[in-house]
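Both complexes shown next keep chain A, but they swap its partner, so chain B is in the first and chain C is in the second.
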Partner chain A sequence: MSFAELAAQLNAGTILPESIVIATLIVVIMVDLIVGRTSTRWTPYLAVAGLLASVVALFSQWDINNPVSFLGGFNGDALSVVFRGIIALSAAVTILMSISYIEQSGTSLGEFVGILLTATIGGMFLSGANELVMIFISLETLSISSYLLTGYTKRDPRSNEAALKYLLIGASSTAIFLYGVSLLYGLSGGETKLSAIAAGLAAGSGQSLALVIALVFAIAGIAFKISAVPFHQWTPDVYEGSPTPVVAFLSVGSKAAGFALAIRLMVTVFPLVSEQWHFIFTALAILSMVLGNVVALTQTSMKRLLAYSSIAQAGFVMLGLIASTEAGYSSMVFYMLVYLFMNLCGFICVILFSLRTGTDQISEYSGLYQKDPLLTLGLSISLLSLGGIPPLAGFFGKLYLFWAGWQAGLYLLVLLGLITSVVSIYYYIRVVKMMVVKEPQEMSDAVKNYPPISWNFSGMRALQVGLVVTLIATSLAGILSNPLFNLANGSVAKTEMLQSAVISSQVVEATTQVSVIK
Partner chain B sequence: MLSALIWLPIIGAAIVAFLPGNISAKITRQISFAIIFAAFIWSLVIAIQFKPESSTQQFIESLPWIDSLGLTYSLGVDGLSLPLLVLNGLLTCIAIYSTDEKIIRPRFYYSLVLLLNAGVSGAFLAQDLLLFFLFYEIELVPLYFLIAIWGGARKNYAAIKFLLYTTVSGILLLAAFLGVVWFSGSTSFAYEPLRTHNLPLGTQLLLLGAILVAFGIKIPLVPLHTWLPDAHVEASTPISVLLAGVLLKLGTYGLLRFGLGLFPEAWQNLAPSLAIWAVVSVLYGAFTAIAQTDMKKMVAYSSIAHMGYILLASAAATPLSLLGCLYQMISHGLISALLFLVVGVVYKKAGTRDINLLCGLLNPERGLPIIGSLMIAGVMASAGIPGMIGFISEFLIFRGSFEAFPVETLLCMIGTGLTSVYFLLLVNRVFFGRLSEKVVDLPQVQWSERIPAAILAGIIILFGVVPSWLGRWTEASTTAMINPQPAIAKVIPAVSFSEAKLP
Partner chain C sequence: MNLAEGVQIVSFGLLSLMMIGAALGVVLLANIVYSAFLLGGVFISIAGLYILLNADFVAAAQILIYVGAVNVLILFAIMLVNKRQDFAPLPNAWVRQGATALVCAGLFVLLGTMVLATPWSTTKVVGAVPAQSSIVTIGEHFFTDYLLPFELASVLLLIAMIGAIILARREYLPEQTISPEKPQQPALTLPERPKELLIAGSDKKA
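The block that comes next holds the complex of A and B.
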């Protein structure tokens, strides 16, 4: 094989965005080593700049002709571009919100940024991974960095507990996933590339018990990542104990990577058992929507509330996956895009509040509007958007999911989604009520002793920028959502694997209809 | 042109919300009043340019918004929505004018009221199912805050009850709209192309059922009404005015536009049961009103009863009864606003709304003679005394519905009689007799408190004397609602015939 041929087969240009992040990571670590603590004044901003540069590089890859690279190990198609963008953006915002938080906890910021960038690289590669080994390595990169991040504030016992819990459950779920994947390797006759596996499975015994077992195990691993019920047990505890910026990243970036993996794996490898995986995901979606929303009602800690809310939101997103139509996939992408803004906006507000008062209790938010109108506005808008109140971004996201689900004939699931979103409005508005409605005399102690608002501390400016940007995005992304819709629809339309999957499922439907008619 | 009615209050709300903090509540009120008055004048301008002889949508604005969802930003106005739009502007003006000068958190309050106005206007204007739903939901959160922050003792309970009921209503509506569009095979939510579509009857009945329950919560109809008395009792006077005067009309408007308009066949099937439902609602509201001792609660239950007439008339769906529907919407909006305003003044001055404690407020020296007179005017209008708009609307409804549902109409007429019973009870106890010792030293009533009520009373009498000034806007549209469906016209004689044979 000549060099030119090899270069063409490697097609290394597709991972330019990841390369930028890796370069940033190396610079950040080296600078931290050489210059020492003083460098933390600017390394986080360097990391943000690197991540944004990677997003720009992703933009340039939007219309790429030949997305397959590294001999089929990585597929940089439009779908992966969008998901990689979501992950990179969520990491950028996470860094903005973590600067003052990590400094206040008394741990080193440089290392934190380094680990977070590693997790980002893992997530980005996972979104495009097209081969079993690649999938597993990027999954592990993401997971192991996430374990490190959850335990990062090592003087806090709850953070340690969270890390241990996450590590134990995460490791076992990875093991299960790996077992499932190894079954696939065997069943397909020793293939590791996803498309080759699919071909191998189709040529082989077809639908067998072993294949179904492999499916179930693979789904177990994915469901752990997107924290779908009943694989959600770690979520509330980890969310409560970990540093809040990490939670923000886990709930958006890590989840987006999980959904990207879910789409790719299910669509490419498991068309043979499509009925089965639809059934499993339907069950997961129902359980997540019901349990997430109902348990969130009784929470008293803001971080636990957001944990259950993120479980419920994952349930809504699964609707799009179950629909398995073009509109279904693009509604997932669209929802992840708006979820990125609204959830991160909520987390920034929670961090800001805990920085100023040192608590996460919902009851302590009482009467906040008097002392901090911007924070109240930000948290109210993000929570109402998560609850799906028009005309905020979340409303359009949910509407698109429900519309796509309805078109695919998932009437009962959509009705369940509608009903549970009524429940969700109740607990979101409970927090808003605490902040906005309570009179001055009902003010909580934390709010009474609220420090005067100042943005001049180190890192607070970054937090403010993050808050304002995500707040504006959450408020306007709904009304001016056409670019986002185009992005979501375009990413699905350009992605070959989804196109062929949609077409083949339509063909199957058509043939069944024809046979029914006959 | 129509967009200004939505965007003027929204931009106004943003301006008011971000006014500097040192501006007094009084000036904030003046600024918001100026904004909403401009919107009201604009709605009058639209009314003047409106061509009443045409039954189609006018001033149509249509912009593509989100293609993936089939959502278009299309607005239009016809004879059904125009009077309601003007009513919305008028009552919001009155609500802002009659708000307490020294209200707490004025900037937040007025921007919410402006948002509410924009949401309601948008819902009346929307020519796209999804757009209607969007505006229908937009008013939810502002109204929740308006009750929960500036309400009475049990405001939290009332506000959350309102919120949950209305959210359920919204969800049902969304499900029904999704169903309508999907089952009819349409790719967009635009109203006009959908209307003529005919689905299998079973599907129609299912979807219509969801729409009926959704709007039944909003109107509200017994037994979905329980949020309304709580919300009214806890809300402050201006908010009660808006709630009764305008927001409930969203329900009846939706019933006509999306119930009767989209499902003529299924509507015809359900009409007899709807008429019975109307009777239940009317009689339950009226009887419960008799038992109340809180003036505001009495007015709230009378609201339920009066909204029931609209269901009766829309079930009958004759041209005359539909015209009566519109009259009743306007007249109920004006009359209940007047009653809530007057009750609000009494409460403010006397410190109580309890019928058993108040007595002889009409006393010319130390009582509230002018307010008392206005109350009597409102009560008379509500009870349907000729010469007021209440009489016209009820007469039209009963005259129009009698040919379709004679028995139900007669039962509803009993409800009108009961209206006189409970309101006479109220007037008799509260305003006549010797001034009670418990309420001496009433503070002076300002003219600013009388003017809004007096304006409303004037309009009520004006339209009572010259009803055609209101009817001319609407007649073409309501007639057109029936005409494309000759099926109903054929059924009506049959129904009245079979009813006539009953002993």
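The block that comes next holds the complex of A and C.
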């Protein structure tokens, strides 16, 4: 094989967005190395610019004709484009909110941005990975950078504890995932590409004990990434201990990558055990929705509350995966897009509050309305949107998910989702009430000593820009949700693997109906 | 059965016995240093099994990386944390141990059943005698169909190195807090936090 032939076969243009992020990463690290600490005044903005350029590059790949590249190792189809965009955007907003936080915590910013960019690269590659080795390496790139970010403020013992816990549980879940993947390799006769594995499994014995075990182990690895109950034990401690911008990235970027992997793996490799994986994900969704929402009721720390809320949100998103219809997948994509803005908006407000007062306790938020209206507005809008109050974006996201689930005949699951989201509204509203309703004499000490609002410190401008942008997006995405709807529907309609999966499941349904009629 | 097959079976049995014995020792022995050395034995026996499977490069990598680097690192860590502490025996320890044994035995039975019950598709690999050195084959794969993961691994290793340096380096003082009565640092050294300050600071936070 000559070099020119090989280069043409690689079709390397599909990873242009990732290449931009890698180039940004190298520039950030080298500049930090050569220029020194003074460069941190502009390297974060360079990183944000690189991430936005990568999003622009993703836009240009929307209508790509030949998405499979690197001899089948990477599949840049429309679904992966959307998920890669979500991850890149979440990283960009995370950098905006981390500048002043990291400077306040007395650690260096250049390396933080570098590790965050690497986590982004891992997540973006994971969304398009089409082969077992690629899946594993990109999963590890994402995980190892996440462990490093979690323990980044190493003088804080809570951060150390969180990093150690995350590392140990993460390593064991990776090992379990790897065991399941190795079973797939054996069952398919030595294939690593997902489509070849599916063909090998179909040609082989079909449904067997080994395939079910491989499925369970693979789901265990994925459920750890999306923090579904019962693989969620790390979430509250890690969310409480690690630096808040990292938590924002973990709850959006890392989770989006996990869902992208779940869709690709389940739809491509496991159609033979379709009943089983639907059953397992149904159990995970029920447990996540119930436990996440009920335990969140009793939390007193804002970060722990958001941790349990993110577990519950993962349960809602799984509804779309279980529905396995075209509407189901596009409702997942739509909800992730909406979740990106509302969750990041909430985290920016939490960071702003803890920068100004130094606390995360929910009771300390009481009476904030009198001192800081913008922060109160941002946090209220994002929490109400997470709860699903009508004109906001979260309501339409949930509506679409529940509608898709109802269409697919998941009546019990949708009812449970409705009940638990009513529960969730209670604990979101409790925070809003604390901030807005309290009389001036009921103000907490932290709010009484609130510093005068000033945006002139270094990094605060970036935080303000991030807050305003995500706030506008959260409030407008509900009313003007059509572009997002079109994006989500288009991404599913253009993705080959989902189209063939939906058609084959419809054929199965039709044949079963025919047999019932007979 | 000819001589080659006989040698293969005998060495497989020996390696398996070594591995299982050493692995049991790792788990059951109370002294952690013995466990660490036995872990090296487990790794070496696995390398032997790789050689039996014609995977010579993987066997060499196994010995170099796992025995030479990982296991030595574990031993270093144990010897640096030279702390003797007697743990009071838990009152109902046998319940936990019994439960663990039950779970492990159940998992073993499940996986064993799976291995025996599954018709493994081995059509591709049966009787495969490598035509060329395995290193050449691995290299060809690295630069054709596994090119992307191979290159991504370099990014992963880069950030793992940076992260290890960040976690391991000593903290610099954020502000000049060195008290005036202490001798002034020489001009060229970086203003590192003095040892006792570091200990006092970490104690206060913990």
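Definition applied: the second predicted complex is superposed on the first by the 517 of 518 C-alpha atoms of A that agree within 3 Å, B and C clash if a C-alpha of one lies under 4 Å from a C-alpha of the other, contacts with A are read in each partner's own complex, and residues count from 1 in each chain.
The rule is short, and it goes like this: a residue touches a chain if its C-beta (ideal position, glycine included) is under 8 Å from a C-beta of that chain, and two chains touch if they have at least 3 such contacts.
Not measured: the values here are computed from a predicted model.
Visitor: On the A-aligned overlay, A:Ile115 touches which partner chain: chain B = first, chain C = second, or both, or neither?
Guide: After superposition on chain A, A:Ile115 lies in contact with chain C alone.
Visitor: For A:Ile348, decide between first (touching chain B), second (touching chain C), both and neither.
Guide: Touch partners of A:Ile348: none, neither chain B nor chain C.
Visitor: If you stack the two complexes on chain A, which partner ends up touching A:Leu6: first (chain B), second (chain C), both, or neither?
Guide: A:Leu6: touches chain C, not chain B.
Visitor: Should A:Val436 be classified as contacting the first partner (chain B), the second (chain C), both, or neither?
Guide: first
Visitor: With the two structures laid over each other on chain A, which partner does A:Gly200 touch: chain B (first), chain C (second), both, or neither?
Guide: Touch status of A:Gly200: second partner only.
Visitor: Using the superposition described at the top, determine whether chain B or chain C touches more residues of chain A.
Guide: C
Visitor: Touch check for A:Gly190: first (chain B), second (chain C), both, or neither?
Guide: second
Visitor: Would you tell me which residues of chain B are touching chain A in their complex?
Guide: Per the touch definition, chain B meets chain A at residues 65-69, 130, 133-134, 137-138, 140-141, 144-145, 148-149, 156, 159-160, 163-164, 167-168, 171, 174-175, 178-179, 182.
Visitor: If we count contacts the way the header does, which residues on chain C are in touch with chain A in the complex?
Guide: Where chain C meets chain A, its residues are 110-111, 113-115, 117-125, 144-149, 152-153, 155-156, 158-160, 162-163, 166-167, 171, 174, 201-202, 205-206.
Visitor: For chain A, which residues are in contact with chain B within the complex?
Guide: 327, 330, 384, 389-391, 395-396, 399-400, 402-403, 406-407, 414-415, 418-419, 421-422, 425-426, 429, 433, 436-437, 481-482, 485, 488-489
Visitor: In their complex, what parts of chain A are in touch with chain C?
Guide: Touch list, chain A to chain C: 1, 6, 10, 15, 22, 25, 29, 70-74, 106, 111, 114-115, 118, 121-122, 125, 131, 133-134, 136-138, 140-141, 144-145, 148, 151-152, 154-157, 186-190, 200, 203-205, 208-210, 213.
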